[in-house]
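Down below are the structures I want you to see.
Shared between the two complexes below is chain A, which pairs with chain B and chain C, respectively.
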Partner chain A sequence: MRIYALLILPLPLLIVVGYLLPTLGVLGWSLSLPKVGLQNYATILDSAAIQTVIWRTLRICLLTTVISVAIAYLIAFRWRFASARGRLLIELFVLLPFWLSMLIRAFAWLVLLRNDGLVNQSLMGLGLVDEPLALVRNELGALIGMVHFMVPYAVLPLLSSMRQVDDSLLRASSSLGAGRWQTLREVFLPLTLPGVAAASATVFVFSLGCFVTPALLGGGKAAMLAESIYIQMFQLSNWGLGAALSIVLMAMVAVCAVVFGKLVGFGRFTGRQA
Partner chain B sequence: MKDKQRFIDDAVEIAQQRVEAGTLSRRSFNQLLMVMAAAAGMGPLRHAFADSASVVVANWGGDAVPAFEKSFAGFNAASGLKLLIDGSGPTEGAVKTQVNSGAVRWDVCDGEMYSSYRLGKEGVLTPIDYSVVDKSLIGYGDIHDFGLANYTYSYVIGFDAKKFGKNPPKSWADFWDVKKYPGKRTLYKWMSANLECALLADGVPADQLYPLDVDRALRKIEELMPHVVTHWSTGAESQQLLRDGEVSMGQMWHTRAELVKQDTGGAIDWTFDNAIVAPSVWFVPKNNPAGAANAMKFIAYALRPEVQAKLMEVYNMGPVDSKANSLLSPELQRINPTSPENLGKQVSMNNLWYADHYSETLDRYLALIGG
Partner chain C sequence: MSVSPEHFVDLLQLGKSYGETRALSDLTLHIKRGEFLTLLGPSGSGKSTTLMMLAGFEQPSEGRILCNGQDITGLPADQRNFGVVFQGYALFPHMTVAQNIAYPLKVRKVAQADINERVGRMLERVGLAGKGGRNIKQLSGGQQQRVALARALIFEPPLLLLDEPLSALDRRLRQEMQVELARMHKEFGTTFVFVTHDQEEALALSDRVAVFNHGRLEQLGTPQEVYERPGSRFVANFLGDTNLLSVGDISRRDDALVCSYQSRPLWITQGVQQPLPAADGQSWLAIRPEHVDLQPLAQAGNGNGVVAQMQHLTYLGTHVNVDLRTPDAQPIALRIPVSHPLLNSLEPGQPYWCSWSKEHGHLLTH
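Let's turn to the complex of A and B:
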């Protein structure tokens, strides 16, 4: 049996070589470039510009999480009570976006939402607005693109969580006199809350690192942390500060993971009951 | 994200624009791969890419790769060296990574002029050997220890000729005047030339621009912000914004302005009046794989007037010497940034100023347009 344990060795090895060592290297840069010390972290604390970006990142990610998980909950709910055929259809539409490049999706939104795009032309044609709404090339545009990107990631943990809800519990609830709304609120919802937490954590963590979508749909007006790191590293060759920002981003992800772990347990990520 | 795309990367057709925007992320991806390879000390990689019988020239990808291949096709016959173009983008960060890790992949880089000053100071470049490179062939643009002008381009005003054809904008003051010239605007994302345009619009005389008054320039840019739809980061985007009528006026590269003029049959027009003209630069990373001598050979070749003219013919990149202008057709002379007539209408960008102030100013500028 012991020999089989060796078979999982590539995974920890990959993690050490591919993640741990480079991460330590980045940490080293943040503390040693251009000179040894904490000055890069002091810059982050001092710079109003950087803090604006950090707060904007948190704000956009939080909004993305709330909206994506709400939409995903509705989709997953519909799936839970659909026929086999209906389930297949929903699964197909949830998975379909995974096959499209992030870049193509961002450009599609740009075409739809820009001033003379389909959405604005329809609204103006119907006489609902007089001049085009600013739907893209701002924070709203970034938000729309990110929500669209994240919904499938939120649906998957919710599906697994809703599948585990035993039908007999719902029947028991109604046989005890609860209406549909009460059953939903007092039985179904609490049972699926761990799924909501898993979906939220997944979406929030993924959103933190978003680069392409906010860069394209934000029109330079919604720069997030990932773009700032790119600018420091490649535009300004300011590796120390870029590395320090990366560490801050990583710390934010770690905090989310720990909070999530405390709340519902890490087992949720792997689909096991915690 | 751009990323960053520079002047040189022009597409000819509308259809190419989307593909081209794709090069942005591919480029960033390449840079990441390269940093990772360099960090891991994978020096031998470069030998797979370039041996001593070839010269690798780095530029910004997209159509600039075939443009260089076509324009410098005669280099092999002239030197016996094979020319390879690598479009992954010689940003300062990338050059520094390669040199510091000892995994240098590029022999000659087509970069930003201010980068050549900065990298030269940091000691990661090889000095230009002016006994091989004939600096008298440069009539316009910087010549310094670690770099020299290789071609020129202009930040011009492109405008909707259907709206403003009778009384076209002639200055940055007109560009800022949204009452006289109604409609939205777009400007380049990466700051270059924006500060100059803002100060000119604010009434600073062209000969007193430098040192740039950053506070005043940023205030002037802030004033225009409500009318700026977006700051474009790829040349294709600047074309699209004007062609689709999303903006009535845009600050853009002269190559793109000419393309969109041709695309729209003149519905979009542009002018060299008050434009900001700037040189790009050749520089050579320290310990380049083909050796300093071969890099100098390439630079000397690329400076020949007939090669300069070829670069203008192929992709409208302006020669660095007005003598090359006479080798051009009248039609190309009209759109050449360094023809004597056009040069007289424009304001020159001072890259020495950028060399000293780029980082801290870019931070403030991006915070302003990102807010």
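Let's turn to the complex of A and C:
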């Protein structure tokens, strides 16, 4: 028996070598570069520029989460009450973006949203606006790209929670005198809230670490934490501050995970019922 | 508009198809106010489809449903004001016992003080006093059943639809809940329409039983009528065990019918008024196992009966089932008391005289 336990060894080994040691290394840098001490963390607390980035990160991530989960809820809802064919079609369109590179998707949005892009051309052609709207290379652009990226991640946990709401519960509600909206509000929504929580947590945590999409679509005007870390490390060669920011980002993710876990149970993360 | 008790809910030429599949054909059924009506049949017989259309969850492909003379065929379920008890109870898992029971009152915007009082009273009536704050998952199957009943009855619906509500319970609890259901039907005075595939349940509970088969209503009557005077071989077999003998040469003699089985005359005094079956059609004589007596071969020819070879004996405590076979390999089952004088001398392979009185044979033509 004991010998088989060794077979699981590659997994903890990978975690230790691939994540734990590098993370400890980054923590070390943040406390030792350019010199030993807490000065990097002091800089984070003092610098208005860095705090702006952190708040912007939280704001964009929060907006991304709310908008993506709302859109995903509608998609999942449509899926829940679709025919077998309809379900397949919706699943296909939800999964399709997963097969496209994040980079290609960001560039596609750039083409669509820039000043002489399809969207602005159409709006001006229709006479709805006189000059192109600033849809990209700002926070709005970053938000649009991130929402598009996150919706499929939000749809999946919602599908699973909606599937678990039995038809007989909805029928029971209507037999007891509740109309469509009442049934939706009193039965369907409360029973799918755990799915909403799981989707929100997934999207928020993913968004915090987003790099490519906001970097390309934000055009430098909407730098988020991940982009700042890159700039500190690879453009300003300020490895200590970059490392300290990384630790802050990791702490934010950890706090989200713990809060979510306390709220609806850690089992939701792995797809088990809490 | 007619509001006589005979015409509380009328199902008129109701039919339902799912694509190519025919689930129900030409059902006309009048539900009387206050009765306990059971829709009985095997799975796929159309009984559940009928219930779903009554509840408003399914739309009939043809036909109409009237309630107090008014057409409710297209009325959505939430406006029908019928209570429904579901097979798996369908209790709301995110609500407590009291919140579940209060739900129909809440959606009807009843005042909170009124709701609390009515829910409290209902909890007492179904034997769940003091358990209002419980979580649904903390309840046993029988308790969940009571909550489902309480929830469906609290808004005082004129009609309660029950979709195999006892099928998830074990045998003992099922019998307990049968008594409970009968009590609640009497106490609340609500009309019950109950769907089941369990014939014992149907016979024990109902004022009337509607037997379904292959999407059609086969027979409608009191439990006694459908059991003692089944209208078809299907009904005879589905409601308990039946011996069926293929008979011919049916003729009328005075107050009785005579038919022949293996060129031996058999007398029938039940259903004598009915027209004689067509000479070219097939006919069967149906006799319940409990009406057949077992006698030594020496008695052969004494009254109505057939000679059959003993095959197998099953001891069941309260009685003994005996399986026999006629010379033309027709199985005969009978049920004798454990005190039967022949019981200890029965030998497999030996012929015996199986007889029944004239009023217990029943002629079937389909």
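Definition applied: the second predicted complex is superposed on the first by the 267 of 274 C-alpha atoms of A that agree within 3 Å, B and C clash if a C-alpha of one lies under 4 Å from a C-alpha of the other, contacts with A are read in each partner's own complex, and residues count from 1 in each chain.
Convention: a contact is a pair of C-beta atoms (placed from the backbone, for glycine too) under 8 Å apart; a residue touches a chain by one contact, two chains touch by 3 or more.
Just so it is clear, the model here is predicted, and its values are computed rather than measured.
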Chain B and chain C placed together on chain A: clash or fit? fit
TODO: Using the superposition on chain A described above, determine whether A:Trp109 touches chain B (first), chain C (second), both, or neither.
DONE: neither
**Prompt:** Which partner does A:Gly25 contact after superposing on A: first (chain B), second (chain C), both, neither?
**Reply:** first
Exercise. With the two structures laid over each other on chain A, which partner does A:Glu186 touch: chain B (first), chain C (second), both, or neither?
Worked result: second
After superposition on the shared chain, which partner residues are touched by A:Tyr73: those of chain B (first), chain C (second), both, or neither?
neither
Applying the document's definition of touch, where does A:Ala215 land relative to chain B and chain C: first, second, both, or neither?
first
Message: Looking at A:Asp166 after the superposition, I want to know if it touches chain B, chain C, both of them or none. Which is it: first, second, both, neither?
response: second
Looking at the overlay, does A:Val53 come into contact with chain B only (first), chain C only (second), both, or neither? first
Max touched-residue count on chain A (chain B vs chain C) belongs to chain B
Query = If you stack the two complexes on chain A, which partner ends up touching A:Ser237: first (chain B), second (chain C), both, or neither?
reply = first
Next on the checklist: Quick check for you: in the superposed arrangement, does A:Phe206 touch first (chain B), second (chain C), both or neither?
Outcome noted: neither
After fitting on chain A, the minimum C-alpha spacing between chain B and chain C in angstrom comes out at 46
The shared contact residues of chain A with chain B and chain C are none
Listed in rising order, the residues of chain B that touch chain A in the complex are 1-4, 18, 21-22, 25, 28, 31, 36, 39, 91-94, 96, 184, 189-190, 229-231, 233, 244-246, 358-359, 362-364, 366-367, 369-371
Given the complex, residues on chain C that touch chain A span 55-57, 76-84, 86-88, 90-94, 103-104, 106-108, 151-152, 155, 161
Within the complex, chain C is touched by chain A residues 166, 168-169, 171-179, 182-183, 186-187, 190-191
In the complex, the residues of chain A that touch chain B are 22, 25, 47-49, 52-53, 103, 107, 114-116, 137, 211-212, 215-216, 219-223, 227, 230-231, 233-239
